[in-house]
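Following this line, the structures themselves.
The following pair of complexes shares a single chain, subunit A, combined with subunit B in the former and subunit C in the latter.
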Partner chain A sequence: MENKPSVWTSNRFWRRSATWVTGVSAVLLILLTVDSMSQMQMGTAKDIQNKVDKRIPSPLVINYKIDYQLSPKRGHEVPIIGGMDANGKSKYEEKEKFFGRDDYTEEEARALIHKGKLTIQAKNCMDCHTLLGNGAYYAPDLTKAWLDPAWNVIGQGYGGKEYAMAAFLQNPPAMAMHERKMPNLGITKDEAKAVVAYLKFMSAIDTNGFPRNFGKIKGAVNARK
Partner chain B sequence: MQGNSVQLYEGQKLALKYFTVAIVLFGAQLLFGLIAAIQFLYPDFLFNTLDFSIARMVHINALVVWLLYAMIGAVYWLLPDEAGKEVVGVKLGNLAFYVLTAAVAVVVLVYLFIQVGPGTEMTTWLITEGREYIEAPRWADIGIVVVVLIFLYNVYATALTGKRSGILTVLMADLVALAGLYLAGMFYTDNIAVDQYWWWWVVHLWVEATWEVYVAAVGGYILIKTLNANRKVVEMWLWIEVAMMFGSGILGLGHHYFWIGTPEYWWEIGALFSALEPVPLVGLFVHVLYDWGKERGKGNTIKNVPAFAWLTVETFGNFLGAGVWGFMHTLPQINLYTHGTQWPAAHGHLAFFGAYVAIMIAAIYLAVQGKAGLKELKMTKAGWWAIALITVGVLFMTVALTLSAYVQTMVERGMYGATWEGYFVAQANQWFVQGLGWRLATGIMVIVGYVFLVYDLLTCTKKQPVEVSQVETAAATA
Partner chain C sequence: MIEPCTDVVCSFWSILNQGPMTLTITLHTLIILPMIWIYFDEKRKMEQGDIPNE
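== the complex of A and B ==
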């Protein structure tokens, strides 16, 4: 019996390999997911008190000034909440009025982003825009929409960019910025405020440096002005 | 097969129903894709009536749903054949088919005529969940789960009581994973990063893991049917491909976790495993051509030329679209610039077509042959036009979108640092616009090919060479 069939053409060997490879991959994915979920929990008021940066910050960030700055340590841009200290870390001190207030309670802030996200889903925003880079490509990415230089300019005429954004959302064709107009989706005043709150909250999510060089390229946007 | 008075299994008759709806929805997918492509160039087209968001939602949802219909249909077609017995629970299967089709019709009508709702939980239950690809409202999600459970029951009950081939074993394991993953997309959270994390479990683990394994299993069945390929060899390759596809595809999930608020370790995991993802696709490709050459050497003829031709398109398309075009922008260093541009659109069109559309059409041609009871099915002129127009159309569309993507990446991301101003400057660039123009033209080409395809599926069995039918009749009377 020297002519034993080679293991490389044995169905049994390959079936077992397939089962093992699949099993090991699935277990690894589950372990990584457990770790990722713990790192992706939404921050709380306590985190802000203790000046702890969370990947997904507390909804209370709507009370603070948000910025997106190069972190020399990480080699890409990171959200800075409430001003930056000497080490390039968030200080959670510099507040910023959002619809006239900078003292939203945790419940109020949570309620706003809850309604904001529901509205974003109810109006199918992702079938034109991209959020965190996912979605359609028919309209601009909203990941850092709150920080986009365009709103700083438009906002001046409205007493703040949150008012301009809310006005736009309630009747987009009236403030069309491009021939590819956003349709009127029947967004109410409350929904518009909540969506803007969500956009501000989303701009503070740590996206590992995406989008790269956001509005900061020397020799391009800023230098042309 | 008994000549013209063909005896089909009840399960196979059910498969024909699924295939019919699949082809209709394929047409809907192309129609709404055309509307969306026109709106990219002429934004006022149907503005405020059927906006881009709605056209695009129907376009992608019709794609997913028709592929699922065709997948279920192909399983019902091969299941009694492989198991050597009638499908258990066919009546239940028929009921599930009508329930599913009614639900799909209601969902589409709501998409078209109600479109959006107020920002409340009720909208996610009744109108839309607003989450790309899985927009269906939650009531429909629950209905889909029930229908899929019936389907799974039928597959398991039939395979466990009949002959259990390697192909059926792979399908049983794969379908339960496919169905289970859908549950990962059925909840609401305010945390958009967590939302998208699980959303990818449905989208990626379907498209880049369970669907690919499904395709390998059905592809193996088609090889056996069209080429008389050696079952032992086919099944050995099938297990190798399962190992490679799940081995690369499950953790390849990481390439979607670069920028959505996840920890950085996904950069390395995503880069490594998605670099491996094209490997099994090469295997599939080599396998088909190898079998073809080997079997032809024995003087065997191809039993179903259209099915085999579409299977060949599938291997090329899957390797190019999913493998090459996917790998082009999958490393985090590149993806940082290409994520959220026309790159994924270019990749997506060729990948879905190459990996899934082509093989589902091949499966449908097998059913057309089986229904007519023909021993051999030759390619007709209309069949050639269909395969040529659709394949060349999608290939050129991919090249056109790649051109647009290249311009967009350079201008919007490279020059303008991803601002809105940069976005609009890129969208107006003449090279970008020209790419979209070619996309529209090639889209029309695909639709013409679709018309040929439908015509051919309906008529090709009547246009087969006379001697084949005679042989068939002789065999039946003998």
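== the complex of A and C ==
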């Protein structure tokens, strides 16, 4: 019987297979990157006018009331901006005063959120906190911190939760709420306002239900009784 | 297998990723089927003596 060469031991076969796998994977990665890029783009004022939900909304959401509701269709909680219509979608109607205003222009809102982001980076909040999945779990996850109902209660004594959050940021030890006390990081009044704006904006980002079980934490939005 | 898109911004990829296994099966089809085709193609060529045995 003739000793036929096996294709499995052929260099040419493996070379061709490797070229194919690498080529197809590269094309797929490029397509997925293009697809992700379009979804990661920040929404615009026009989206809010047209009531179009974007994964990352326009900075103008700081003018609106933000809620976090279970979407039965998607199986997790989603941000609801400006109230909910009959279909459980954002209505972009219900405004909410943020430091006494609900008429921030897109430029103003963007500048405020940007300053907040820079402050969070400068103070290295991720050393203890988690933001959108990045950071430590020593201190509470800040991704939906704005929606934490504890602030509604504390905020009553400050004339609004944004004031309470800003006051806390400027001198955390004075308003300690947990065993693990946040240190005083020397955050100024302007910086505190910007950080709160950033946290409010971030709570409006659709994170596919991250952080998990946020709604089930005792005292949280839609907490299980 | 393909379920309605529930993503915020629907795309081909989000539809593909909705049902369990859809993305996996698609990607395997894209990679495994060509490999099977390459295998038999190379085997045929070797048996015909088109490729010198390395």
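Please note the rule applied: the second predicted complex is superposed on the first by the 186 of 225 C-alpha atoms of A that agree within 3 Å, B and C clash if a C-alpha of one lies under 4 Å from a C-alpha of the other, contacts with A are read in each partner's own complex, and residues count from 1 in each chain.
Everything below uses one rule, namely that contacts are C-beta pairs under 8 Å (C-beta built on N, C-alpha and C of every residue); 3 or more make two chains touch, one makes a residue touch a chain.
No experiment lies behind these values; they were computed from the predicted model shown.
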{"item": "First, second, both or neither for A:I120, with subunit B first and subunit C second", "value": "first"}
{"item": "Touched partner set for A:K46, first subunit B, second subunit C, both or neither", "value": "neither"}
{"item": "First (subunit B), second (subunit C), both or neither touched by A:V21", "value": "both"}
{"item": "First (subunit B), second (subunit C), both or neither touched by A:D35", "value": "both"}
{"item": "Which superposed partner A:K189 touches (first subunit B, second subunit C, both, neither)", "value": "neither"}
{"item": "Partner chain(s) touched by A:C128 [first = subunit B, second = subunit C, both, neither]", "value": "first"}
{"item": "Touched partner set for A:R55, first subunit B, second subunit C, both or neither", "value": "both"}
{"item": "Superposed model, subunit A: greater residue contact from subunit B or subunit C", "value": "B"}
{"item": "Partner chain in contact with A:R101 - subunit B first, subunit C second, else both or neither", "value": "neither"}
{"item": "Doubly contacted subunit A residues - partners subunit C and subunit B", "value": "10-11, 17, 21, 25, 28, 32, 35, 39, 55, 206"}
{"item": "Residue numbers on subunit B that touch subunit A, as the complex places them", "value": "36, 39-40, 43-44, 47-48, 51-54, 56-57, 115-121, 123-124, 127-132, 135, 166, 169, 188, 190-197, 199, 232, 235-236, 239-240, 242-244, 246-247, 250-251, 253, 256-267, 269, 336-337, 339-342, 344-345, 413, 415-424, 427"}
{"item": "Sites on subunit C touched by subunit A in the complex", "value": "6, 8-9, 11-13, 27, 30-31, 34-35, 38-39, 42-43, 46-47, 51, 53-54"}
{"item": "Touching residues on subunit A, where the partner in the complex is subunit C", "value": "4-5, 7, 10-13, 16-17, 20-21, 24-25, 28, 31-32, 35, 38-39, 53-55, 73-75, 78, 206"}
{"item": "Partner subunit B, residues of subunit A touching it in the complex", "value": "9-11, 14-15, 17-18, 21-22, 25-26, 28-29, 32-33, 35-37, 39-42, 55-56, 59, 110, 113-128, 130-138, 140-141, 144-145, 148-150, 177-181, 183-188, 191, 194-195, 202, 205-217, 220-221"}
